[in-house]
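One chain, chain A, links the two complexes that follow: it is found with chain B in the first and with chain C in the second.
Presenting the complex of A and B:
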């Protein structure tokens, strides 16, 4: 039986963390409502606030805490406003993808800046002793600091409410959430308000960070830990609704607290189920108006498509380059141990696995215009399914791959069925929610090895039943051209990746692929010339996710272990980076993107510890200046040259270079 | 001339028929019990002052919205619950007032997509996923014919976003035409055009849609008077009158509701 004291404890714990959520979600929600920007870096702003507070408290003691409460929100708010002025305002009107990509790049940058300045290990600071004591009210003892957080959050919420209600700033914010264009047409310089709103949101998050820092610890992961619940909250409350952020924040805080206490087995899963339920039944949220739904659900055509109206390389050049690259890749194991260490082969194996993963995402992202932030789910599922097969069912690699593909396809069919019903930002959210549910579930379930994952699988047997070969036990070829172990796996993988590319390229140039492109360009029109858009999108989702599962399974075959981290949403974000970095809508672009990404991650990380910052910066640059990705670089340069040489160079040459391809 | 309460005596040959079509938004009734009977090959225009319910009626017939009450029949089939795509399959297609073509694709690709949709449903999964579009001769022939009819052959390989406004409007009509519909719903096809472009577009419509049944929503009364077989006047969501251009022009109720003393 639950005692009243225990219940009170649960509620107060929930309110404490809930108040922090309110602060984070309010900023996220208001920024989205007014500017239409879904700020993935919002959690990092909170973490930044916590780190600044840590420095102030370390430097000035208790006084530093009081100072931090005032100064840190102002500082982070200013940083936010500057970021809006300098970067984010460049992507207005460029579609949701641009904003999501840019803020993801910012997330990487801020994350690494924190590590650069404050180091990896968690930091601790205590609130002033005035707050840091147990308060006993009516015989019930509870942390005074929690009371402080709840009170401060409540006062702040009421102040924000009054600000939104009774000031001109609030009026513009509320009107902007309803209809941005109308506000602009009324002659309000809404762009100036954008800066204010973004700074305001950043300041709220930073305040949340200061108080949360004194409550828990200050770690690199804390931004990540709040942004996901904050997404849940804004969806529950309705994107753009302040009331919704407050109600949703407290609700999620209390639900989390109750679940942790009473049913820890399903901790972390319940709120996502709640979110999916709300998305499917009432996508505008419990408090959102319908106008927000229309706005958030609208998908704008993407400019991030390298294949737009023809490839960036002509057919002829693309196949030449393709054959050349495959040729070089085929030769790599030949000189293994002669010109370079066997590290090169294992590095390329990683590159190829990521290339397949990124290419699979391109089917939905680049060709169909669907932004999925849950792609890592299928990568992880494929990996787990393959390893579980090896451990418990059959040593056959083909069985492992087959089961992984089947599991991914089936899951994709179910997830797709539900997720495709919503669009725009809501699709981003619901795919993220599904991925997080499974991600958290594998932490909890014994069969999946919990947080440590699974390992110790036998070396896969390439064959059926119990007959077949193990790559480490055979030597294929004649010396000096004889291959074994990793080299054999490398050839196998290369064949799978090239095969998958040809398979997808065929599909994308077939009638089905053309319908996907029409959906990307205008879902509405596609429907009204006779296509059942939902069903086509779902099929694309299944194809994409199945190949993602295949790439995950290959990872498991090669490495012999899996861990829940494979399903971390950051991996989904990384896949989006790879696709856009290389050039979406081209299939080969994402593979190039995966190559660059992996080289930076694997190679640069040993030389430059702040590689993530570099990657984030590179990514921001690509989003701003080269939205069609690295593969379009030659064409861009040629365009610039053509412009410089002026009219002497006919445009016909240019036209021939962009002749239609897939 | 018939009065507003009901369309002229329904005949069996009516191709498109609505009965008691009603759409309410909360307290507001945008379309109120509209009965239409449109014959095969008829050119029917729907006019009315702003807020008369023209666009809502259009959205109901095309499937963009579901009616609160009433039914829509096309060639005897009840299409009230059909999705937009199913309506296209039943040979009913619409255009958009704000040009909605596939901007990132070439003109030919735009038309090909529309020409392909009818056959797409019939294709096997293998054919959908793996066939080479160059080998789909029926679709390609249809695409070429339509591009030709639109007078867009010279710009067929150009990306739709690079077309002139008039060309884009023509492509808009072309997307409707390429689905090979029996009934074409046109939503202000000359909106935002100058007089020359308007004339050219109407010539195109009369030319390429000569064999079709057309339902046109249009503000330009002169144009409606010139091209329509019959005109339905809406006001307050209800049919005020239906008749030939001459009848409508001389009808007091129409004058009152819409023309405001305008005489032809």
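Presenting the complex of A and C:
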């Protein structure tokens, strides 16, 4: 029986966290609505606010908190505005991918700057004693600081509503999120407002940070912790709708609170289930406008992602370079232990697994124009399926790979069936939701080993039944070209990766690949010609996810363990970054991106503590100067040289680069 | 074990021929090391035992005929890979563990008790199992370490333990998850840290004797939290204590708002709240519980509230809470006083439990090598099991049945202190009392 007191508890708890969500999501939503920028660094701005508040409270005592409530949003707002002026305004009209890469780069840079200034240990500050006590009203006692959060959030929300409703700034912002072009045509210099809007969003996040900092610890990770719920709320409420962000935030807060109280088993997944439900029934969100918004997924995929496609190498050069690279890779284990330690082979195995994973994403991202933020689901699923097979079914590596591939394909078909109905940002969020649901389920289920994962798989047998070889037990070849253990696995993996590349290359040059590209360029026209667009997209999704599952299964075969971290959304994000960094729509570009990314993340990080800053700066540079990824570096250099010698030939420039230069 | 040059001499027989292949390898290693930023040219010899070959990598033909003192003498230098998280969520704890490990290395290298020195390679696991595993591969395969120590997070520790299980590498762990010396134990893995079962023994005994019967369990739904809950229930049953578990709340890791859990506990009949939780989750929960007045309604007992980082963060919110206590700088056990002094000299302030674990995991490994008289991991691991070693906690050998260090556990109460609240120790459960009986661990080595 639910008592009134319990109900009151549920509502108050829900409102407390809901208000924090509102503060984070409102800024994100308005920035997206007006500027069409999906700002991944938004959570870091919140964390920055919390850190500044910590410094002020430490410096000025209780008064510092009140000061922080005003000063910190102003400061962070200014920083936000400067960032928009200096960097973000250079990627407008370049599609989401460029913005994702840029704001992810900013995220990494801010993260490391925080570490420089405040160190790694979490920080704590207490709110003034006026707020830091239990308040008893009508015999019902509750945390005073929670009352403060609810009140502060409410006051701020009403003020923002008034600002949007009654000022010229608000008018332009609201008009801008309805139809940017129209506002421009009416003679309003909306670009100038972008700076204001971005600064405004940053200030809101910082205010949220100050408030949240008094409630929990101030840590480097706090930005990461809020960004996903914030995205969920923005989508739930409707992109660009302030009203939606407020309603969505409070709704999520109260639903979470109620579920935690009454059915704690599903507390982690309920928000994602809610989001999937809303997306399938009402894709524009609870309060989303009805206008035909470019970014809301009703437009052509190519406009949404932008800057895709097109290899930079001619077919002949591609084969030559490809054969050369494979040749060099084949020789690596030969000099292992002579020119370098065994570790190089282990490292390259990791690189190759990630290369396969990134390449698989390119099928949906680069060729079809769908950004999946749930690709880690298949990576993890493949790994779990392979390891469970080894543990419980058969020690055969082929059986493990086969089952992993089948499970991934089947899951991809089901997820694809639902997810393909929506596109654009909604596809990003729905794939994320599916991945997070499985990720959290893996934590709860005993068969998957809970949060520590599964360990102790037997050494895989490459064969069936009793006939086959175990890599650690055989020696293949004659000295000095004899290989065993990791080297044999390396060759096996190399063969799989090269085989997968050739398979995909074949598919992409077949009619199916042309259809995919035509869907990317114009979904509408492809449909008019008579293609079943959804079916084609679903097939691409299944192929892509199956290969992702294969890469996960190879991870499990090599390492002999799996853990829920494999399904962390960060891995999906990393894969997107690898694809864009290397050059999407080329298959080899993502592999190059994966190599650079993995080497920096895994190797440079053990020598350079500020590797995130370096990686972030690399992303920013690539976005600004190499719009089609690292693979275009040689061409870009050639162009620059041609221009310098004054013998510039205009015809060689392709469209995307012209745009970037402008 | 015999000389160090087994591999080199295989390919180049004849005294003067240490030459080409060996030099090439060292140079290549150097070039790679420069490229990847790892230093030195260290390699593993065939029979185990590692040696630093910088002198040979350098040009001078210095007579490094270390084959002179053959026989079973210990090598001059042993490479130990120290894997601690210095980034990611566990970074603050990892930092402390690393400080302890650095002191441990210095202790061994400066002491006359050891015939060898430790050559440490520090790597950051980033609190992520795949990265942790990669780093383990790196120190073993690239730096030639045959000893690995560290890790805090359960999944990282389990991944490293799994990696060493079929190699000639000894791993001394600093993680608390129960499986490491339970179902997932192996012959090469030892644990210096006090495990979850030992921690809960102290907690449950104190609740039964001093606090009350209606107990509520609150922790995070992760490996540590789950093993904590099951160990508490097991201990209550095994000892036949009159304790009722009236409810439990286990939110996800990284929960921001504990309001619903706090309301639930407050509205229940619980007299005692056990919080076997760690890190940011513990601190955020305690902070909000204090703010909501829950700490005035029930007695709170935890397993990590005694830790410096918790007391520092919680300040007055921690005062009055009880905590199962794994270490305190005021202990007069073992050579703790010496440890506290050297820590003070180096870092200002006093060491906490994670630094203690870092310090002792290196020293325990070193004592095994010294006792075995060789750095061959197979011999060392056999010597180490059951070997009486003195640590900062007293004599705390690794048990033979599961390789768990038999650490005692204290119970303390947080009281007002000068800069931060202090811990007053109330009672002690001996190592033998706290540790699980061998037959219930599920480990067979």
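Simple rule for what comes next: the second predicted complex is superposed on the first by the 624 of 662 C-alpha atoms of A that agree within 3 Å, B and C clash if a C-alpha of one lies under 4 Å from a C-alpha of the other, contacts with A are read in each partner's own complex, and residues count from 1 in each chain.
Please note the rule applied: contacts are C-beta pairs under 8 Å (C-beta built on N, C-alpha and C of every residue); 3 or more make two chains touch, one makes a residue touch a chain.
Remember, it's a predicted structure, so these values are computed and weren't measured experimentally.
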Which superposed partner A:137 touches (first chain B, second chain C, both, neither): neither
Which of chain B and chain C A:506 touches, first, second, both or neither: first
Which of chain B and chain C A:514 touches, first, second, both or neither: first
Touching partner for A:522 - first (chain B), second (chain C), both, neither: first
Chain B or chain C, by number of chain A residues touched: C
Contacts of A:532 with chain B and chain C, given as first, second, both or neither: first
Chain A residues contacted in one complex by chain B, in the other by chain C: none
Contacting residues of chain C [partner chain A, same complex]: 21, 24-25, 28-29, 32, 36-38, 43, 86-89, 91-92, 95, 123-124, 126, 128-131, 133-135, 137-138, 141-142, 144, 154-155, 158-159, 161-162, 165-166, 177, 179, 184, 221-223, 226, 249-254, 256-257, 259-261, 263-264, 267, 280, 283-284, 287-288, 291-293, 309, 312-315
Partner chain C, residues of chain A touching it in the complex: 3, 5-6, 9-10, 12-13, 16-17, 20, 120-122, 124, 126, 132-134, 141-146, 212, 215-217, 219-221, 225-226, 256-257, 260-261, 264, 267-268, 335, 337-344, 346-347, 350, 440, 443-444, 450-453, 455-456, 459, 555, 559-561, 563, 565-566, 602-609
Chain A residues touching chain B - in the complex, by the definition given at the top: 301, 305, 308-310, 506-507, 509-512, 514-515, 517-518, 520-522, 524-533, 660
Chain A-facing residues of chain B, complex: 62, 64, 83-85, 88-89, 93-94, 96, 100-106, 109, 112-114, 116-118, 120-121, 123, 127-133, 136, 157, 159, 175, 178-179
